[in-house]
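Data first, discussion second: the structure below is written as structure tokens.
So that you can tell them apart, the chains are marked A, B, C and D in the order they are listed, and the count of residues begins at 1 in each.
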Amino acid sequence: MSSTNRLKELRDEIDPINLQILELLNKRAEIALEIGKVQQEKGTQIYDPQREAEMLTALQYANGGPFSNETISKLFNEIFRATLNLEEQDARQAILVQRKQPDQHTIIEFSNGLRLGNDTFEVIAGPCAVESYEQMDQVAAVLAQRGVKMIRGMGYKPRTSPYDFQGMGEEGLKIARQVANKHDMMVISEVLDMSLIPMMDEYVDAFWVGARNMQNSFLLRALGKQKKPVLLKRSFGATLKEFIYAAEYIMASGNEQVILMERGIRAFSQWTRNTLDISAVPLLKKETHLPVFVDISHSAGRRDIANPLGRVARVSGADGLMVEVHPHPDVAMSDAKQQLDLDEFNSLMDDVESISMRQKQSV
Amino acid sequence: MSSTNRLKELRDEIDPINLQILELLNKRAEIALEIGKVQQEKGTQIYDPQREAEMLTALQYANGGPFSNETISKLFNEIFRATLNLEEQDARQAILVQRKQPDQHTIIEFSNGLRLGNDTFEVIAGPCAVESYEQMDQVAAVLAQRGVKMIRGMGYKPRTSPYDFQGMGEEGLKIARQVANKHDMMVISEVLDMSLIPMMDEYVDAFWVGARNMQNSFLLRALGKQKKPVLLKRSFGATLKEFIYAAEYIMASGNEQVILMERGIRAFSQWTRNTLDISAVPLLKKETHLPVFVDISHSAGRRDIANPLGRVARVSGADGLMVEVHPHPDVAMSDAKQQLDLDEFNSLMDDVESISMRQKQSV
Amino acid sequence: MSSTNRLKELRDEIDPINLQILELLNKRAEIALEIGKVQQEKGTQIYDPQREAEMLTALQYANGGPFSNETISKLFNEIFRATLNLEEQDARQAILVQRKQPDQHTIIEFSNGLRLGNDTFEVIAGPCAVESYEQMDQVAAVLAQRGVKMIRGMGYKPRTSPYDFQGMGEEGLKIARQVANKHDMMVISEVLDMSLIPMMDEYVDAFWVGARNMQNSFLLRALGKQKKPVLLKRSFGATLKEFIYAAEYIMASGNEQVILMERGIRAFSQWTRNTLDISAVPLLKKETHLPVFVDISHSAGRRDIANPLGRVARVSGADGLMVEVHPHPDVAMSDAKQQLDLDEFNSLMDDVESISMRQKQSV
Amino acid sequence: MSSTNRLKELRDEIDPINLQILELLNKRAEIALEIGKVQQEKGTQIYDPQREAEMLTALQYANGGPFSNETISKLFNEIFRATLNLEEQDARQAILVQRKQPDQHTIIEFSNGLRLGNDTFEVIAGPCAVESYEQMDQVAAVLAQRGVKMIRGMGYKPRTSPYDFQGMGEEGLKIARQVANKHDMMVISEVLDMSLIPMMDEYVDAFWVGARNMQNSFLLRALGKQKKPVLLKRSFGATLKEFIYAAEYIMASGNEQVILMERGIRAFSQWTRNTLDISAVPLLKKETHLPVFVDISHSAGRRDIANPLGRVARVSGADGLMVEVHPHPDVAMSDAKQQLDLDEFNSLMDDVESISMRQKQSV
């Protein structure tokens, strides 16, 4: 018999085996789903590593090859994982942040008409930290002219060194509130610890969690119990999976108004402070139903490429960008190199607004 | 004239200029130190970016080349930074964590005789998380036999997903305390939020701050007000400078008993969970006076190379290592792949103890 | 005297010292430029570390503080570096790849009218590797319809494993040439070793150097002696400085037609094959006068985000993008996950072409 | 029925299904092995993505859930991969570099008695680049005193910039040969391009491939046809898998004398030039039968931590280390910061020799 015929013959033997395996896998999954239900009723954890270990031992004992015990363990581990996923999915229909249908979108609305996640591209801007009323007011006036509806400004600033400027505290938030009211804007500011939430709640319209706190589960859970939206920044060392699960901490605690922000990861770049991971935007939009923003200031750490990064954010599928703006960046108390001055901000807005796209982009 | 002679002649012109610049730099520094003193009296910040900006403008105006204005700005910026460093150093004689003399060593003592930072090499071991009294007791018995004087065990476990096992909480810490008392050991456990400190203080002898919280300044400052030692883990995304400044937050708040722990950084490795940055150990020993430990479990995320990593930690200049040990790693509720079983732990100890070095290694 | 007056007085002492230092720095630089000229005449290297070491020793000997010897060394090192930069700049008016005036742009022209670097946005597309005449022809027909004027296709494919498909070799290049001629397109293909240049020269219109060979100086110099354009891909481990200097190897050997391509760096991403470093585009455009392209296939390693990455490339300031297209990606002999099928390619082109910008973007 | 009984009942249903799946998997594997043999006879590739795609389509068509088509595809993909591994393993009994039995060790012998991979710890030392006869002779005399049997020294130096010192070329290799002969040492030098092999072969006893060339397949294959040993440095951007496969290129071409060298990876470190990935050593020893060395100079880029890194290399399981030594590092033409002077080299050797271990370490 020719080798081609022999090959065909052998392949014809494989096909029914595939189908038999398929059938058994699904039968196994059905029983596992029932087990999951019983466990839920009993209140025990679905994941049972001891039981898995026993099953593997039995399989290795029974294994006659040609697959090695190691390979068999690996394959069954995959089956266990898939089954566990199915059970967990069944239990809570997958995690809350995950997009369930292609057109599921969380839209977050504010009292001044700002809507995030709504097919428009919004800009959140303002100085790194609140330094004075004049500074905030000067910036806010320009922002308002350009249609920006949310101003940023830290009262509490996370710093590498305990000797660096740590922010004006509550005084700064008061200023931000006053200035925002004057210009009909919303205020967003970083919350560094859950103990600050009640006080901050009096001044801000939305909280943001900084990169250094992305996995501070106590803070995330506490914000999950708030009524105001939370913007969560990706840690510069976090994978997208870790980022998504951090958002899940907030949602699982009850707050569905979560905004994700990509702000650069730590790689080996020397000409930028961080490396903007722009691919994260379409991936986050694909995997979750949440608004996704891009911080073009921290990702680059230099203002001379703000315009191209702003344009890039605009077309990436993001729902908006955040940018730091200061009346006199050279004398700013922090992050001088990355804050735009007022002219540079206007140039950025010109650039971003000059882009037009066919309304619905794929992905 | 020959080119060699011409070269000599030109160089002879450079030398006195160098000395003149030197003299002016020091004269400038002396005045700056006085300025610093006046500012301290006034209670104003030493760093004054506006003044710097004005000086740069004046210099650029006066600059006739051949150096470009950009180069002049850069050089004077270096001079400003050096001057500022001098002022700040003068103000607090450099940061607290920094080693001042070659033989300055912080030694941390515990009530059961354990001393960290003391030219001995200590092992901190125990399961990832407390799961039951039996589990802790079984491990502690083996640890005690090998001379381990501090047991680890988390009551509160930071997890990527909110649906993963988050620890037994206070109940777990109670168990850890009971077991430690039985075997005359100290307890160390992770503190996830400053609100937990008072409760944990009843059960533990030392706190540790996890990698995810390395830059949680509120937690660091709160621990700075405690009397018990704090072991600070390096974030997997942190530079050594950021790590050292995080320790400074604790010391600057009053607690001098800080232990640094290298536990692997996030690079592109695929065969290990993280990348153990062993060079960090001699660098941290050089720059600070604090005890330095190596976590050989999280850095690798796999137990089959625990022995070589333990040996490596032993000779790196570190003051000890931390390792996860579990009676039945395969059924552990977390980090199953990286916890050693009891036999593996004994093998690790055999390996580490088999190494002898001439007593005083350079660096 | 009030502390405010005292502060003013002290500051008034600083200002003339600044100006004296400025004058001395420039005087020093002038002499150094003369030294540089003498050295060039003698044919000796400008950089003379021994001389620098001697100067530092003399300065440290003369230093009376308050600056420490370490600080003085650091400051003079900056002065040495600035001076050396000035000398090197003078010697060759900075490196060849560097943009000298804001409007300096290298434009590369091909015989079919394709022009790269010319304010238009061009697409280079084609399969990863040439597999058959049919495959190439099928792709080329679609590309030609969309106005693509350059087809890619590897004859020699760099693979991680020696046992993977290594390409059809010269046979593949012949096919690419035939198909390109049929559709009035240019051919670009990867050159893996300088020994292949003469043969490849018969079939291709432009060479590309792959990421793995970015620092293969023998290959770069050999291509520097060719008349055809060279597209240089950034190594996934290379900084932008290293990338620019690799291009300089080609230009310094005589070939001015160099195209730079960003194709993703290796970071810790798990959901993409590499991390597209989009900030590299504006930085490379700023620092060099060369055309800059973005490879949207290798940077992501997945085709489901090709459209947003294509849009991002379009507005980033890049002169074009490269994308892999295959009639049947699922059965491609390599990189199946990242090659677009013909419909997906059309969708990408629709997306990219739907973007319009005001013609001149800043940066 | 109680929920505990119900759970037991359901689990009893799972067990026989597991065994049925096991049996089918192995039956499937046996047929696949036969298919592999037929394909080898026919000379066709074992990997057939089109066939896989067809099988997946059939399975998805037949799938009735509860597993989703996506999960089924994933599970069968794992089965395909495991089967392919089995076939490939069968075809060439896994790759050549892979350790087959625990005690398989490649030992490389040289004419002066040097043996690498032989349970001893060897040091390869010498200057970065050959600069003069005196420089080489001065270093070699000290090395010889300390029992070093192989001297390094580059004739051709890979540099980031084309304007940096590129080495003395053949002249440098002649000097290295002369000096090595005088001191009964072997010479190892970097080969930058395969065109240099015949000339270099006259002077050197072993070739090394630099990090920048680790995936230069033409060079690797050409060295695979040589009779002299090849030391292969890991690229700073390469995973261990890529590194091992690069070695496989050499072995698959016929040269079995390959030495692997870890020399630091590129991460985000700022206080070291690269990040020494010490975990790579036990992993490479585990996965391959080749000698493994550690380059303590390039990994750190600073000489002040050479001693601890040398100690670390000593106990890591490595077969030796490489270190750069120069009579006057401050005036070296390259890599001044990382070359040890002669006293520092003696101190390093003292440190490394002072360590004693029980002879057989696990792993």
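Couple of notes before you dig in:
Everything below uses one rule, namely that a contact is a pair of C-beta atoms (placed from the backbone, for glycine too) under 8 Å apart; a residue touches a chain by one contact, two chains touch by 3 or more.
All of these numbers come straight from a predicted model, not from anything done at the bench.
Farthest from chain B in terms of Cα centroid separation is C.
Fitting chain A to chain B on CA positions gives a rotation angle of 180°, reported to the nearest 5.
Spacing of chain A relative to chain B, judged by their CA centroids, is 28 angstrom.
One finds 31 Å separating the Cα centroids of chain A and chain C. Centre-to-centre spacing of chain A and chain D amounts to 37 Å, using the average Cα coordinate of each chain. Contact with two or more other chains is made by residues 237, 241, 266-268 of chain D.
Of all residues in chain C, those touching chain B in their complex are 3-4, 6-7, 10-11, 13-15, 17-22, 24-35, 38-39, 41-42, 51, 55, 58-59, 62-67, 71-72, 74-76, 78-79, 82, 85-86, 266-268.
On the chain C side of its complex with chain A, the touching residues are 237, 239-241, 265, 267-272, 275-279, 281-283, 286, 299-300, 304-305, 307-309, 311-312, 314-317, 347, 350-351, 354-358, 361-363.
Chain contact summary for the complex, chain C toward chain D: residues 45, 49-50, 53, 88, 92, 95, 158-163, 165-166, 192-195, 212-213, 215-219, 221, 235-238, 241-242, 245, 248-249, 252-253, 266, 330-332, 336.
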